[in-house]
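Please go over the structures that come below.
Common to both upcoming complexes is chain A, partnered first by chain B, then by chain C.
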Partner chain A sequence: MSLLEVQDLSMRFGGVAALHQVGFVVEEGTITALIGPNGAGKTTVFNCVTGFYRPHQGSIRLHRPEGALELTELLGGPFRGRDFASPGAFFRRLKYKIAGGSHLAARAGVARTFQNIRLFRGMTVMENLLAAQYNRLNRHLLSGVLGTPGFARAEREGIRRASAWLEFFALLEDANRLAGELPYGKQRRLEMARAMCISPRLLCLDEPAAGLNPQETAELAGWIRRLRQDHGVTLLLIEHDMGLVMEISDHVVVLDHGEVIAAGTPAQVRRDPKVLTAYLGLDEPSP
Partner chain B sequence: MNRPVLAAMEPAAALGEAMRPGWIGALRQALLAGGVALLLFGPLSGVALQGYDFRAVPEAPWLLAAAVFCGRLLYLLGAETILGAALLRRLTLPPVTRVSSPGRDRRRRLLAWGIFAAAVIGPFLLFNPWYQHPNLNYLLKVAILTLIYVLLGLGLNIVVGLAGLLDLGYVAFYAVGAYAYALGHQYWGLSFWEAIPLGAALAGMAGVALAFPVLRMHGDYLAIVTLGFGEIIRLILNNWLAFTGGPNGVRAPHPTFFGLEFARVGKEGALTFHEYLGLPYSPVHRYFYIYLALMAVTGALAVTAIRLKQMPIGRAWEALREDEIACRSLGINHVMVKLSAFGLGAMAGGIGGVFFAGSQGFVSPTSFTFIESAHILAIVVLGGMGSITGVTAAAAALTILPELLRNFSDYRMLIFGLVMVVMMIWRPGGFSTPQRRGYPVEPGHVPA
Partner chain C sequence: MDRNRVSNHTTAPLPMDLHIAAQQLINGWVLGSVYGLIAVGYTMVYGIIGMINFAHGEVYMLSAYLTAIALALLAALGVSSAGWVIVLVLALTVLFTALWGWAIERVAYRPLRAANRLAPLISAIGVSLALQNYVRLAQGARSQGVPALLDGTLRLGDGENFVQITHQQILIVVVAFASMALLAWVVQRTALGRACRATQQDPLMAQLLGVDVDRIIAVVFALGAGMAAVAGTLVTLNYGSFDFSIGFVTGIKAFTAAVLGGIGSLPGAMLGGILLGLAESLFSGFVNTDYKDVFAFSVLILTLVFRPSGLLGRPEVEKV
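Let's turn to the complex of A and B:
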């Protein structure tokens, strides 16, 4: 069963076509890698999927048990002709125009990390994870100020969940350190732990292995596998480390110049002449 | 390895060398500083106005320049000594954020309650049947002003310190609160206590109204818009003669004690506070009452501010300050978070405004100029962004220091400015060392 269905996705920045009719499917419970040379549009796809960009065309559907959600609508685009034909579409458009935003993608179950790590650097590691659970904790102002039992229970549960993810990513002893003080590798892990705190269905990792040494990369592969196996998370990742991509992914989508040029298992993609051309710049694809 | 390489490798040591000019160098630097001071103070303090004329005061600039020379020389020579160098190093060290170990806040909490109790009991020691301080009225007025600034500092701290949104028009909310009481009393006969929730609500609404247009703004742009907002409110109050009385201001009656006035003779023969309790009349009663009420409100607000930092909303404010995009990627609605920061911060300003109006007995637009906003912002910055104890200490310092310097009124702003400059050089992060709360970890759970 597919979790994410991207169809006909096009995006322009001024005159530059960043994406042109991109389409791919992420099956539930798999690890899908998005690869391609620099400037191929991988991060643009990510930003569309996680609700940061509104594509000019196309659809991104997230299939959840409670129904499919069109992620491209969340940012509240301009009214279209067919919105006036059906009241449901009209009110949905109006709702997202007023109260839409990137945060709704996260609430729908799409979490992400960033290529250049974006932590809350001045806060402690634990506070980073608690801040991520904003929507799950008791946000009632009065009960928080008075410190009611319900509030304390919710906080404790939040600390427990955060501790569990810190333990998972081997960050437990750093819980009360400032996030900005951590070494680079740990910052990458903390960002993943923070994203996991919102219990996503789909976790999008933007170059998780960038800047890691070979040993750390191997550990990362282990964590990514365990996320999928033990916690049922579906993963979509952008990665330049081909060793890692070929090792862990079930499905690889190759982008070049904003178009999908190949998709399939790692073995298929590795042999694909178009992929070799894109990466190695061969004129004539050898058979 | 030769010496320059070594020096380059040890920047700290090199810096230490540069800061130790030796005896001759120190003398030269001090002379230079004295000369510059002489040039500066010559026109500033060498000429004194006298009626329509002026006279020269040649000794004043020389004295000041001599003071600067001696100060600079002592500073440089002091830095030469081992003790001085160590002290200087300690002072100039950038403060490192400390994370308190979990559950170790008890001493701080005890200290805070101690200060609170002392502030409540203190005035009673100066005013009781056995001893009455002759100047208590003035002392209480200063204390009330200090507390109002603590209140404003705590409010602005939410917006600037926690949420990281630079607000240069905070005085607008202060004005809204003050006028909510003054006009509410004039048109609807609102009492002081009824005006507090009203003032807070109106100021909160004004805060949200300001937040909407600035949702997408950061830094300088945000500062300019908020500055404009503050001026708009002041200009409305100044120019809407029919409603606000314009520059003439509005009378705002002093608060009453369950309907009992603090006056020598009650209005229309009504019972007054001192008659009801059978005490001799004293003008101190009124300020005493305002002080205690303000103390209670400020205490409650300080507790709220401390709690807010440990609540989801407070963490969301700080997260927003650190990285807005990351916030959105985690499902935090940055719009609501920003609106709540502006709204709650403004509410504290509104409450401060009501107390200001009640204690002054009169409000006019001249009390709500930009300089007030700057003063409140200085409190937050000096106190250390986001630190509640720091804000309290800074509010006290910035209100009491000018009062203490009343005797040197000519040099008051000079000393005030000097203190600010010294603070910004030595402690750009504010009085307090940044402190964060540590959380206990609970290992052994399965993530879910």
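Let's turn to the complex of A and C:
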């Protein structure tokens, strides 16, 4: 069953087409890699999927047990002709116009990490993970001030969940250190742990192996696999380390100049002449 | 020389009278607590959206009027015990001033969030003028007054050498510190405060983790306005008189305090407030009362020139 369905996605910056009719499907419980040369539009796809950009055209559907959610609508775009055809579409558009925003993608179960790590550096490791559970915790001002039982219970539950993820990523002994003080490899793991704290259905990793040494990359592969196997997370990742991509992915989507040029299993993609052309810059695919 | 008039010396007494210095320190501490309470609003808003909310002084001014309205309301309801009046007036004023802070952000700043940095600043100046003139028209330009609630005085020393602190002043210091402690607790220990800090450090990332950043920014404005309302209520109960223009100078002084302490830093705002209050008081006690505003703003200029990041602020780090 597909979890994420991207169709006909187009995005322009000024006159430059960053994405042109991109379409692919991420099956539930799989690891999908998005690869391509620099400037191919991979990060733009991520930004659309996580509700940060509003694409000019196309749809991104997140299929959840409670129904499909159109992620491109969350930012509250302008009314379109077909919104007036059905009251449902009209009120959905109106709702997101008033109270829309990127945070809704996270609440719907899409988490992401960044290529250049974006931790809350001035907060402790534990606080980083608690901040990610904002929607689960009791965030009423008065109950926090008065320390009501409900608040305390929610905090305990939050700390328990955070500790479980710290343990998973072998960061438990660093719980009270400032996130900005951690060595680079641990910061990468912390970013993944923090993303997991929103209990995502889909975890988007933007170059998770960037800056890691071969041993750390091997460990990363293990964690990504365990996330899928033990925790049922579906993963979508951008990665330049082809060794890692070929090793862990079930499905590979290749982008070049904002278009999907190939998709399939790692073995299929590796042999695809168009992919070789894009990567090696050959004019004609070799016979 | 009339030694009871401690606040209006215009010549420096030699040798230095210790009790006068002590008296000025007390006065300065009281004044500084008020500056600190207002400075918190500047510093929190700057921390979260990088904007100087020049309408914040007007929010303080509004809270003085709301205090008078709340006092009248409680009198009409027959609440007469001073303790209850103080608690209820504080609660009502904080609540309604916070609503004003929230509304100002919603109407005047949020639509401009994507615009360049100058737009919200100009909008803030517009809000400030609009509020001043609204209050002037609605409430009259004359100075208004409320009766004193507490009129006791604590006097230490004997004969001509004494220092005194009124019960009102004690109330100001105690309530100011209690509310700052409460705010620090909220920011450091609650889920809401954690989300505020996360948003301050990286609003985009906070959003991608499910934090409703618009709501957090609104909360920060409401909290800042609430703290200004604590100051407004305390000052109004103490001095008894106010008019539509009190927000301007007090607001800019509090802004000076925020810059002195390091804008963006919560403890900095409190420290800056106290230091500015002490410095201003000592200056008017020993040098010249008439020039105390000149002195306060010289502090602002010197801070900006020699230590732009303030006492407790961190130097601006370029974001990657």
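Rule of thumb we're sticking to: the second predicted complex is superposed on the first by the 287 of 287 C-alpha atoms of A that agree within 3 Å, B and C clash if a C-alpha of one lies under 4 Å from a C-alpha of the other, contacts with A are read in each partner's own complex, and residues count from 1 in each chain.
Following the convention adopted for this analysis, contacts are C-beta pairs under 8 Å (C-beta built on N, C-alpha and C of every residue); 3 or more make two chains touch, one makes a residue touch a chain.
Keep in mind it's a predicted model, so treat the numbers as computed, not measured.
In the model built by aligning both structures on chain A, chain B clashes with chain C. Of the two partner chains, chain B and chain C are each touched by A:Ile198. Here chain B and chain C are compared by how many residues of chain A each touches, and B touches more. Once the two complexes are overlaid on the shared chain, A:Gly144 sits against chain B and chain C alike. Contact with chain B, but none with chain C, is seen for A:Glu167 once the two complexes are overlaid on the shared chain.
Contact with both chain B and chain C is seen for A:Ala132 once the two complexes are overlaid on the shared chain. When the two structures are aligned on the shared chain, A:Ile159 is found in touch with chain B, with no touch to chain C. When the shared chain is aligned, no partner comes close enough to touch A:Ala209: not chain B, not chain C.
Of the two partner chains placed by superposition, only chain C is touched by A:Asn116; chain B is not.
The clash between chain B and chain C in the superposition falls on 145-153, which is one of the stretches 55-63, 145-153, 271-279 or 433-441. When both complexes are aligned on chain A by C-alpha atoms, chain A residues 50, 52, 101-103, 106-107, 111-112, 114, 118-123, 127-128, 130-132, 134-135, 137-139, 141, 144-145, 151, 194-195, 197-198 touch chain B in the first and chain C in the second. Contact residues on chain B toward chain A in their complex (touch as defined above): 97, 99, 101-102, 303-304, 307-308, 311-313, 315-316, 318-319, 321-323, 325-335, 436, 438-448.
Within the complex, the chain A residues that touch chain B are 50-52, 101-104, 106-107, 111-112, 114, 118-124, 126-128, 130-135, 137-139, 141, 144-145, 147, 151, 156, 159-161, 163-168, 172, 175-178, 194-199, 231. In the complex of the two chains, the chain A residues touching chain C come out as 50, 52, 101-103, 105-107, 111-112, 114, 116, 118-123, 127-128, 130-132, 134-135, 137-141, 144-145, 151, 154-155, 158, 194-195, 197-198. Per the touch definition, chain C reaches chain A in the complex via residues 182, 185-186, 189-195, 197-198, 201-202, 204-214, 219, 320.
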